[in-house]
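Each structure below appears as structure tokens.
Paired with chain B in one complex and with chain C in the other, chain A is shared by the two complexes that follow.
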Partner chain A sequence: MPLSAELKLIQKMQQIVAKATKEYDGRVPAERRTEADAKASAQALSRKQGKVEDLTRKLADKLNQNEEARGAGEPR
Partner chain B sequence: MRWIGVFVAVALFAGSLLGQEVQEKQEQARQRFAALHRKMQELQVILSTTAPEESRVLRLGNRHVQEARIQDDLDGVGVLLQAERWDEALERMGEVKREIEDLITLLQNKDVDLEKLLEEIERLTQFRDRVDKLIDEQARAKRASAEAEALERELRELEAAKAKVGELLEQQTKLRAATNDAGLSVGEKAPELADKQGELRKLAEELTERLDKLAKADKDKEADQSAKEGKEGKSGEAGDPEKGSENKADGKADAASQGGSCDCAGSCQGAAQAMAQAQQKLQANKPESSLEDQDKAIAKLQEALGDLDKLSEEARRRLLQIPFDQQIKAQEQTRVATEKLADDMQASEQGEQGKPTPGKKNVQQSVPKQKAAAGQLKERRPAKAKQDQQDAQDELEQAKKELEDALAQLRQEMQDQVLRALEERLAAMLAKQREISALTKVTDRLKGEALTAADTVPASIKERCAKEAEGETWLASQAHDALKLLEEDGTTATYPVLFEELRTDLTTVADRLTACDTGATTQEMQRQIEEMMTMLLDALRKQIEEGGGH
Partner chain C sequence: MIRAVALFAAVLAVPAQDDTPNPFRPFDREAFVKAIQAAGATDAQVQRFHAQAAEESAGAAAEELLRAVFPKYAAALAELEGADPRGVLSLAALIAESQQPHVRAHARYWLGRAFLDVDDPEGAVEVFTEYLRHDRNVSPFDGEVVFFYGSALARVPEREAAAGVLREFVQLFPDAPERYRASAAQLIAELESKINPLHEIADTMGGVERRIRKTDTGEETQRRQEDVIAKLQKIIEQVEEMEKQSSGGGGGNSPNSPRQDSNLTPGATEVGKLNRARDVTDRWGMLKDRERKAIEGEAEAKLSGRHRKLVEDYYRRLSRGAGR
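Moving on, here comes the complex of A and B:
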């Protein structure tokens, strides 16, 4: 899978998480956020955001590695 | 596939029910299967123009239903149940179950294809690795022959140099005698003798140059050998044909310590210098004085001859030390292994509808060349053996290339199929999720209405929740299967993470529905699942359109 496609996928996932966070913010009033149901939603969102972060970090590492490999291949 | 799943479940549970109920369930199963078969037949016709591959799969499935007489077997089970012949009915049900499992395998054609592809990749990878090993062995055998050949050439060159020095020595001795005989009355003969001395000097200089080159080539070879030994370390294998060359390297060191070919060139150069002096003195009509220089030239030439003798003896000794028997044995072992590989390649084709294994022809063709090489080694002809070994190696290299090309093509095919299988799976999952999401909304409304009327959730609502939860669990299992597909593909890290996330969400929603929680949070989770599925589906479709990202 090309790196650009992976990046787009991660971007889309981030958009989904952002949209869900807005939805949560609108749907769950502040005073009800300590309730079990609201907590479960927030935890799911947090987990998703963590996954996006992890994927982004891995992609950045991959990009760095590619760049280093290209640099090493260039004539001095 | 859903129909078949329901059918199998019903068919399996029928055995545990009794009497009327069992017969009713069996009748339901029979009717459902008949409906499924009808649908399959209709779809086969409809898809024949728009989706010929799917139509082909359905045709295979329909043929299987007819050939296995599944419908008749289902009727038979009904008759046996009516007659309360439970054991026979159970046995017949077992048969039906096996037949339907075969039908499922046939209809899940894509997965079978993927499995076949994986098996083929595994098969060719194993052959490629074996060819690689044979190339290594063959190259080692060739290097050993090349070293023996080089030693033979060195010996020939030393012998030729010896003959030249001997010839020069003879002529110089004759010239000395002629000069001595002429004595003080050399007179008119002096220029003639000087010219002759000049000719001999020229020959001595040429010989010096030749011996220098010989010495330089010898030094280069020693340097290569040391570099190679340094690279390979001291991990020499037993029966390694190159072991002889290690002994040879030691021998070479001995020869160098005893005075290498450099000394021969030095002696020859000394002879040429003495000859030049003698020539000058003869030109100056001083024959007596030139005799001294001529004697020096003779002594230097004798010295060179002695050194060349030593070197030649040393080279001969090293040549005799070459373990030709070991080399023949190693070459034979490589040939046997190559023959075995060719046979295995041939045998493995039987399961591949006679499709030739890539590289097989080259592997087969390398065998007679290896045989010829062993024959040449038996005749102590390393130069010819080396050529045959090179030819055998070339064939093996070509076989490796063909196998690698085929593997690259298979991996590409594999990736395309994985993407298509994923896309199909995901599309079906999305449709199912939308269906469940809609049902959950209705269930939530019904639950609200019921709770207004009473305090407890009615059984009918609980049943709806359980069904929806079952659907979500099925979707989670589909996501799990998709993950397995992605593991086989292994080209991206992003898809597996997202499918894993999808599975987690589906399991969470299934748990909530099991607890009959159909509220806003569950519905929002379902919406997010749909959104994620749509996103993945779009990405997969785009990748397929772009040729799998290649």
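Moving on, here comes the complex of A and C:
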């Protein structure tokens, strides 16, 4: 998959999480956020954000490795 | 004379100017002893304090004397060191109720470190900020608090503020333990170096994840998410341009020639880690539902305001870890 496509996928996932965050913020008033179902929704949402973070970090690591491999292959 | 970075100066409530005097005074051992004697320390305990301060360090000696004289403080620390989930609650309750400034300062120091230990740098920043505002200049832990405050900021991530605070630490505490000074120097170098923009984005996402976990989904969290989306868009445009130029040759070229590692090297930010995070999470997971509820109920009854929220977040984090 081209790098731009991978980045677009991450961006799309981030947009989905951002939309869900906004929706949660509007739907759950501050005084209800200590209730179990509100907490559970936030946990699920934070896990999704964590997944996007993991993918981003893995891609960053992969790019670093490619960069290093290219550097090693260059004549000195 | 020092130049305090703006954020740090605001925390310390001093002007951010080149000629701002050092807001930290050397640890006043005699004043400390006098205060603890007034609280009931015996002559033998004081003698032991002086001997330990000479042989080991003022920090270790002060810590032992406080534990000897204040049973509630000793009990809270025993809980924390024994990976008992109640430890954090006991420390927060002690901060709320204790009139003794040295106990409060040390309790805040350990509470901040406990938050750092369970990957809650935002909670740690709040607690260390309270220490720096209200408790500095009474304990030999001032230097360590500044170090851990800077480390916590680096993990938030607040790169610029973290680098500024750590530079102040190196400058203001030349006698701090070498492991902290060396780690601070390493962290500063990493914070100031060029970073792979994707790593930086991932760091921001990590901060957003923690905010959502605490049900903090307000404007600031949403702004950070939008910022991430905009930064990704810029990188996508750069990469698409590179892909076009290489005739559709595809991926592999990294944007902005990233450096090899993320700025937030665990080795540097985790110096002095309590290493009890897994233990305390396991202990929390092993408790019965009613025992967990009792601790949470106690937090609700004993604490109020920000500390209650921080402690509730701490137990939420333990629940999440235990459920993995």
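As a convention for this text, the second predicted complex is superposed on the first by the 76 of 76 C-alpha atoms of A that agree within 3 Å, B and C clash if a C-alpha of one lies under 4 Å from a C-alpha of the other, contacts with A are read in each partner's own complex, and residues count from 1 in each chain.
One rule holds for everything that comes next: a residue touches a chain if its C-beta (ideal position, glycine included) is under 8 Å from a C-beta of that chain, and two chains touch if they have at least 3 such contacts.
Quick caveat: nothing in here was measured; it's all calculated off a predicted structure.
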item: Clash-or-fit label for the pair chain B, chain C on chain A; value: fit
item: Angle at the Cα centre of chain A, taken between the Cα centres of chain B and chain C once the superposition is applied, in steps of 10 degrees; value: 120
item: Chain B versus chain C as contact partner of A:2, first or second or both or neither; value: both
item: Contacts of A:10 with chain B and chain C, given as first, second, both or neither; value: both
item: Touching partner for A:40 - first (chain B), second (chain C), both, neither; value: first
item: Broader residue contact with chain A after superposition on the shared chain, chain B or chain C; value: C
item: First (chain B), second (chain C), both or neither touched by A:57; value: second
item: Touching partner for A:22 - first (chain B), second (chain C), both, neither; value: second
item: Nearest-approach distance, in Å, of chain C Cα atoms to those of chain B in the combined model; value: 8
item: On chain A, positions contacted by chain B and by chain C; value: 1-2, 6, 8, 10, 24, 38, 59
item: In the complex, chain A residues that touch chain C; value: 1-4, 6-8, 10-11, 14-15, 17-18, 21-22, 24-25, 28, 33-34, 38-39, 42-43, 45-46, 49-50, 52-53, 56-57, 59-60, 63-64, 66-68, 70
item: Complex contacts: residues of chain C adjacent to chain A; value: 196, 198-199, 201-202, 205-206, 208-210, 212-215, 217-218, 221-222, 225-226, 228-229, 232-233, 235-236, 239-240, 243, 248, 250-255, 257-262, 312, 316, 320
item: Chain B residues touching chain A - in the complex, by the definition given at the top; value: 491-495, 497-498, 501, 504-505, 508, 519-521, 524-525, 528, 531-532, 535-536, 539, 542-543, 549
item: Residues of chain A touching chain B in the complex; value: 1-2, 5-6, 8-10, 12-13, 16, 19-20, 23-24, 27, 37-38, 40-41, 44, 47-48, 51, 54-55, 58-59
